[in-house]
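Down below are the structures I want you to see.
Common to both upcoming complexes is subunit A, partnered first by subunit B, then by subunit C.
Right, the complex of A and B next:
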């Protein structure tokens, strides 16, 4: 479709505007994390690392990063494993009740986080399991495994179905075909799902806020500071959270992208 | 050849029908995990909506008093319709604002630019929404960047924070990248020859967009709208930190009821009503999305 160039320029300008809207909050957080003024206004004050020094001097913040690290790595391992199992089941098998099976697998992200948090808290508190690190982990795996499943399922859609049958015909058992054909083929998607679920878990604040008790993760600390007054520390912690989760999501995408580009250039 | 492939003794076909240890190994983890940690907590939430609170402790029982009490409260229904309205407006505004961007990325740029645009839209969606929403305060508050800029040209100050405008900016922060991605995916799959055909038959550009492209990309557009509705209906960050928390939405009501009054059973009532509302909306939209065009 060839349109008048003036219209195209308008449309392109609009795209740029959308991207500015999307990235402004992130950049703002970085800028004000190194700005000296107590209150975030323009014109800016001078450059300072004061807010970073403040948060790194705070043992609670270190503790939160430690807990967030443990939680997101554990969640990523479990959610990626469960996501892989589900994606493979969907790829390989047809059975009655499959629609129900897939809804069970994919529905969690549609339930509001506040409700998930309340439900988990109510249940875990009843059986004396709330307020622990594993309370956060079990809830996050519920939220993250659908993302892992989606990423790995997309990869499985690209596999030649004859590949697995060929392995069986050559005498490989199901297990061996899984180990030597399916898993190697899915490896980039598995790595990608791992990064993505780690990022989702690292960022999740609502459910964690309900069930974490004294084991606060980084987003929970942020949420609690936000309930007080304006505090530039938020921008410093926020920037670190941004860098962490953005790195993970960028990695997740690059791993998949590189694989796809390699394949298209080699002609598969 | 064809016979052996279709015969039930064919290993592939047979394996699809038999329940094997191998099959169970892959299919069961999600079932077990989601039943214990997803379905069961939600059922439990439904159960405690009939429990009572005595001396700040929940007592098991079966009493409809929480439902009766919540349904007879004016503030509950106010919050319900308000939340529904907020989510509805957010859905319409986000869908409309996303469309030109998705359209341009689908039809007006090279595949390479499109791929990178997708890349940079997915990154923020998975990046701390809490901090991103909060950052808007710096722009929107009474002495914020926008009002400082308005003052330079002799306008304002405008109230941009602690009202619905602030909330809407937050909802857009949450949903806009996702909706552009979903719309873009659908638009990019639209058969270009159909658009050419419309042009050749003398269909104007705007008319082509509304009568050919939008119906063809219906699934992505509806999916984007549904996700916006779900996310903004359940979100508490934007109405709380950018909308000023009062009057409350349903999510804020849940938090207030849970955290201050220990009234978990009543919070459960609100939660169940929210879930039922969302399920209704979801089923209706999915039905609409996959219905053949009348």
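Right, the complex of A and C next:
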């Protein structure tokens, strides 16, 4: 790095500014979640965990966390599995209509969430499947699978195409090669996809709001509390949601980055 | 210890073709590979050499014809059930397994108990002189070490045949020569069949008992390295192999020596072995660059040419001289640096190239 120190400092400062811009609102929310005042005003009152205590005393909030937990883990498992299968199909096979297959597989996140939620509700209600926990799971799997696919597909793009053939050549059946070679090779991406889809599902509001019925997820209950009263409970619950998703996303990034640096391809 | 391969074919390609859509990669190939021989399949990229190897490994299915292993048709037998391990150009080592586990892979797939697996893997690691690397990750190895792991992984199941797909192409020149030695020795010690696909003449000629030259999906010539080097069967082989000069011409006289007319003069070739030619036949005359003498004065022999010096390429003790003939075509001469010391060759200088009538090789036109 031969940049001049003055320029270097300037660049660093710029990066810090960008991060401040992005994270100030979230940080503010966190600050007010541990502030004693009822309304978010400055100067601040004293430190308190009162608002956290309040929300954790509310059985509805506990219920929402329970439902969100169940949903996001189930969704992560299913979406990662479907994403892996789609990515592998893309890697392994060539067939007519592959472009269409891929664009359909990647389509769901491009649909506006409100439309998606409404469509999901219309469909699920018609077949008597709305308002249950699994309704949210089904909808979120649709929404999350493309993310899992994208992450795993990136990993498969780095594989030496002879790796699988080499496994067959050494006596591994198709399934065995999948288990012994493809899955281990993709493992960092699979773990990363799992965290990412869990985070997306945990955060998602619009679709969940439409299809959840009485099984409210955390984002849905946040809106409900917000509609009823505006006190720092919202900030508290928001902070928890933020920390949960951030942890998952950062985890996903770390797993992926560490592995890609360690072993880019099989090398020569 | 079988330098002289047995005459029993281990593998037979019987009229094998491979088509991808309208493209024919391999065209009615007939080839017998003998037990215990080191066979090189050589040709330019896209000549079908790798496809042939992949068909033998069961990774591609022939569109036509039959491949037999030990007399048994194996067309329909999947790669998994054939014991035809391959060393890949990219080596295809499993990056998420350590050296030991890579070598054990083939044994694990054959459900060999863990203890025996480890034992056998270690034996091979020791044989390849990399036992101390057993616990390393693949990413921590050098190019040569990876080669050895790949060889150990393929040989651990003790197959009767080993397929090698340009395994040395990624190594630097010094290492290539060393690994050639390793491979040659290994093949002799094991006495198993090696089928070695390469585009490199030096690799093919240095190690193999027989060389197969392929172009455009077809076999051009099969023979010992020497036979291919000295008596190329087609113009393609003459062009592809070594440093050959090719002059086209026609027969103008027969007898104990054939008289040949070309655009740059008349030449003689001993008739022995070329009895089939008669006056008027068109042919290509091949003169190997290392069999040509050069002089500043006309040597007065029958086969001499007037050349103009263009440039030289100096590789150690051997110099390749690039010259131009009267009709503008190229001519190459390989000589020892020592022999050129007394000559003042520089661009534009005229000299004579000569060769003996017995060093002239003829190829009938229309053969390729």
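We adopt the following convention: the second predicted complex is superposed on the first by the 246 of 268 C-alpha atoms of A that agree within 3 Å, B and C clash if a C-alpha of one lies under 4 Å from a C-alpha of the other, contacts with A are read in each partner's own complex, and residues count from 1 in each chain.
Definition applied: a contact is a pair of C-beta atoms (placed from the backbone, for glycine too) under 8 Å apart; a residue touches a chain by one contact, two chains touch by 3 or more.
Everything quoted here is computed from the prediction, not taken from an experiment.
Judged by the touch definition given at the top, the superposed model places A:185 against subunit C, while subunit B stays out of reach.
In the superposed model, A:59 makes contact with neither subunit B nor subunit C. In the superposition on chain A, A:165 makes contact with both subunit B and subunit C. Of the two partner chains, subunit C is the only one touched by A:176; subunit B is not. In the superposed three-chain model, the partner touching more residues of subunit A is B, compared with the other of subunit B and subunit C.
Legend: residue contacts after superposition of the two complexes on their common chain; A:228 is shown touching neither subunit B nor subunit C. Legend: residue contacts after superposition of the two complexes on their common chain; A:97 is shown touching neither subunit B nor subunit C.
Touched by subunit B in one complex and by subunit C in the other are residues 165, 168 of subunit A. Of all residues in subunit B, only 11-12, 15-16, 20, 22-23, 25-31, 33-35, 37-42, 44-45, 48, 97-98, 100-101, 103-105, 107-109, 115, 117, 119-124, 126-139, 143-145, 148, 172-173, 176-177, 180, 195, 199, 205, 230, 233-236, 241, 251, 254-255, 258, 264, 267-268, 271, 274-275, 278, 282 touch subunit A in the complex they form. Residues 160, 162-163, 165-173, 176, 180-181, 184-185, 187, 262-263, 265-268 of subunit A are the ones touching subunit C in the complex.
Those residues of subunit A that touch subunit B in the shared complex are 1, 3, 8, 11-12, 14-15, 18-19, 21-26, 28-29, 32, 39-42, 81-83, 85-86, 88-89, 92-95, 101, 104-105, 107-108, 110-116, 118-123, 126, 138-139, 141-142, 145, 149, 165, 168, 174-175, 196, 199-200, 203, 205-206, 210, 219, 222-223, 226, 230, 234-235, 238, 241-242, 245-246, 248-250, 253, 257. Every residue of subunit C that touches subunit A in the complex is listed here, in rising order: 57-59, 78-81, 83-86, 88-97, 105-106, 108-110, 137-139, 143, 146, 153-154, 157, 170.
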